[in-house]
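Consider the two complexes below, in which subunit A is the common component and subunit B and subunit C are the respective partners.
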Partner chain A sequence: MSVDTTAPVTGGQVTEDTVLAEISGMLRVLLDEYGLDDVEITMDTRFHEDLELESIDLVSLSADLKERYGDEVNFAEFIAGFELEEIIAMTVGQLVDHVVVSLREAARG
Partner chain B sequence: MTKILAGDLDTHVQRLPPTVPVDGEAPVVVFIHGLLTDSLASYYFTLGPAFAAAGVDVVMYDLRGHGKSDRPATGYQLERFVADLVALLDAMEITRPVHLVGNSFGGSIAFGLAAAHPDRVATVIAIEAEPPVRAWTVRMAEGLDLAKSQLTQDAVIDWIAVNNGRHTARLSRAAGRLLQVTSMLEDIPVSDTISDDLSAIRCPVLAIFGADSGLSRQVPYFESYLSSCRTVVLPDQGHSVLIERTDETRDAILGWVRDHALGRVG
Partner chain C sequence: MSRFLFVVPPLVGHVNPTIGVAAELVARGHAVAWAGHHDVVRKLVGDDAAVLDCASPELAARGSDLTGPAAFRFLWQDFLLPLARAMAPGVRAAVAEFAPDVVVADQQAVAGGLVAEELGLPWVTSATTSAELVDPLSGMPKVKTWLAERIDGLRGGSGGPDPRFSPHGVLAFTTRELLGPVELPHDDVWLVGPSVLPRPSTSDFPWEWIVEGTPTVLVTLGTANADAGHRFLAQAAQALSRLPVRAVLVDPDSSLSEVPDNVLVRRHVPQLDLLPRVDAVVCHAGHNTVCESLWHGVPLVVAPIRDDQPIVAGQVVAAGAGVRVRFSRATSAHLADAITTVLDDTTGHRRAAAVVGDSFRAAGGAARAADHLEKV
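This part shows the complex of A and B:
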């Protein structure tokens, strides 16, 4: 799947599908380091249990999110409210929802 | 991902600038994680964002062999970790004295840097940590030997998975691998040490312990020998102070940095 990550992000265009596609792209780059580049990623995919990502991978993902979406999406702050077990059990869908809500709120200004 | 070439080591760094206005220069706090199963993620998901929100310039990095930094096969004596951090500060052009927060082995690195380069260090904040004295090298040798013999056995990893969860099991297996593919086990016990009288540590030290961890026995030793020391002992707490008592640890360190900052912190 190819995603145009250079396109500007605005509130009007933000849908669950586009954000899931973009985040899947970021995850594929991360997974490629481990030789896992063809895993199916859905809203229910769990970062740790399904993708075998460690907390340090979530740090990288957080940096990718910041690069893509700017300060509107603060992943570190989002998960600062979670217990470690909750971070480990987090799904891709939870992150997608957070990004969609953050971008829509930012667009509403 | 942010990689900085520090000396000859490609180092994974996450820097969080202060998110609130600061009078004068923001204090720089460098967070140093622990050995084997640890990475900068332990700070990124605990103290890091709160410190940036309090007006601190936050630097977190992965130690050599850990997280997403380079993993050379050899060169794991404490002084190499100390030199890495000096090279990183140089590469980031941070020349004024910094506050070093070190968890466990990370605290030993902080003490090592304070002893070797007192001009680079404002204060040391040691969480469940020992200074690199001779007795420390003996305990590290014993601990690392045990870790290597245990964490490279499938039966032990399976037991950890059942009792501590798959995440911890996976980290433990990775730790066992780290001890197999590097000379860490051989190198750390032959690290340079500092004198038992701790006279090499001249900066103020905040030491935080869990009451139930064996390390809290050092409190009288620190208080007698360190020239400027504050100790905090958290009751009913073992070694995992940072993860299990994050809020108290954050408040104690932020208060300490405020008290010792040249600029005012919000």
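This part shows the complex of A and C:
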């Protein structure tokens, strides 16, 4: 893992590490049949260039995120905020940060 | 009698559907001409047709790693926008020479719609793939703006109708059975079905290869993806070597080093002549290959690479007419499973393919398209 910092915990559990582990799990399930064994998923892993995710994968991932985190995390809104160049370079870490921030904000009320 | 000018990009899949429509118009006493890359268009439309040359950069070779949003950026920034700038003077000259009553502008030959609008001519959009009809950028408003600004930049930022969607009408070579229940951009999107016409065969074929009683599988990655397909074709050949089939594999670059006994490798095939005798097609989900296969009721294994292909692949799967695999990661095992699945009649893929094929024939194709064009 390239992540060695533990983000401050809010609402009990939310850290960068746990969210990265959970999202990596979702991505591995998504690509399972195609063997992701050779790919390490880190904060710097790029959705397109490294994982070769397709648009249907993003739809599945969105559903997985909703199932795990509820309405606090809005993947569609996250994607909608990106310029073309940002979408091309989008990383797992950006999504992790988004989830962490969203959950902390929700916990603060 | 009216005069129709087809404005096309130098892409086979975008020219082919116009040929049937043009033939129908000519049969009804109208005059037709094409504006586009002279050599590319001439080869497809035949020696007798009127072709008015437009400077047109051809689509550069794209590696297999150019996919997703990076492929989208490349397609517009490095091909379609420069193409529009290069074609515009030729389209204006073609209009001056041919004096059309109606311009039929391909959705990717953006210069067609722009020039027609500039000159005040009625124009219709030819959508040879249905991917744009489903608003693929709806979830990415900033990307949508990026493109809209660049398209508007082609006309000096003056604003006006989207040159990809004529307000006079959009010919869409598909049907609801394949497109699915999506909302269309406006009421004058005419779902006329594919324009599949016997076309002059440009390649010979050893027909004795096809043997009655043994399933035949065609593997093709279309005309615009050869350079990206070497790994995939090698995996497909391996998959086929394990199956009780005979296969025809299109390998334009002769990239395969080892070829199993039950696989015939050709650089080109007469696809339309071959399809009635084929039991499954493995392809990149290009709209024309998909439609031609479904027209003949042939189920598909789709491995979309980029551009509109992921959307078309999604349509094939949703219609039940095929199985999707990942182009960049599929191994011979994945492909063997997928091919076996679509060849198995109990899975229903063949029946679903036939249902879409029936809808295509019922939609009227070129004749229906000509009906609409005559009313513009």
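What we mean here is this: the second predicted complex is superposed on the first by the 93 of 109 C-alpha atoms of A that agree within 3 Å, B and C clash if a C-alpha of one lies under 4 Å from a C-alpha of the other, contacts with A are read in each partner's own complex, and residues count from 1 in each chain.
Criterion: a residue touches a chain if its C-beta (ideal position, glycine included) is under 8 Å from a C-beta of that chain, and two chains touch if they have at least 3 such contacts.
Predicted model, so just to flag it, every value in this text is computed and none were measured.
Superposition of the two structures on subunit A shows subunit C clashing with subunit B. Once the two complexes are overlaid on the shared chain, A:Tyr34 sits against subunit C while remaining clear of subunit B. By the touch criterion stated above, A:Ile56 is placed in contact with subunit B and with subunit C alike.
When the two complexes are overlaid on their common chain A, residue A:Met43 makes contact with neither subunit B nor subunit C.
Using the contact criterion defined above for the overlaid structures, shared-chain residue A:Ile79 touches subunit B and also reaches subunit C. Subunit B runs into subunit C after superposition on chain A, and of the options 38-46, 92-100, 128-136 or 236-244 the stretch responsible is 128-136. Of the residues of subunit A, those at positions 48-49, 52, 54-56, 76, 79-80, 82, 84, 87-88 touch subunit B in one of the two structures and subunit C in the other.
Against subunit B, in their complex, subunit A makes its touches with residues 48-49, 52, 54-56, 58-60, 62-64, 74, 76-77, 79-80, 82, 84, 87-88.
Residues 1-2, 14, 16, 39-42, 44-46, 48-50, 62, 67-68, 165-167, 170-171, 174, 243 of subunit B are the ones that touch subunit A when the two sit in their complex.
Of all residues in subunit A, those touching subunit C in their complex are 31, 33-35, 48-49, 52-56, 76, 79-85, 87-88.
Contact residues of subunit C toward subunit A in the complex are 65, 67-70, 72-73, 136, 139-143, 146, 304, 310-311, 314, 326, 328-330, 334.
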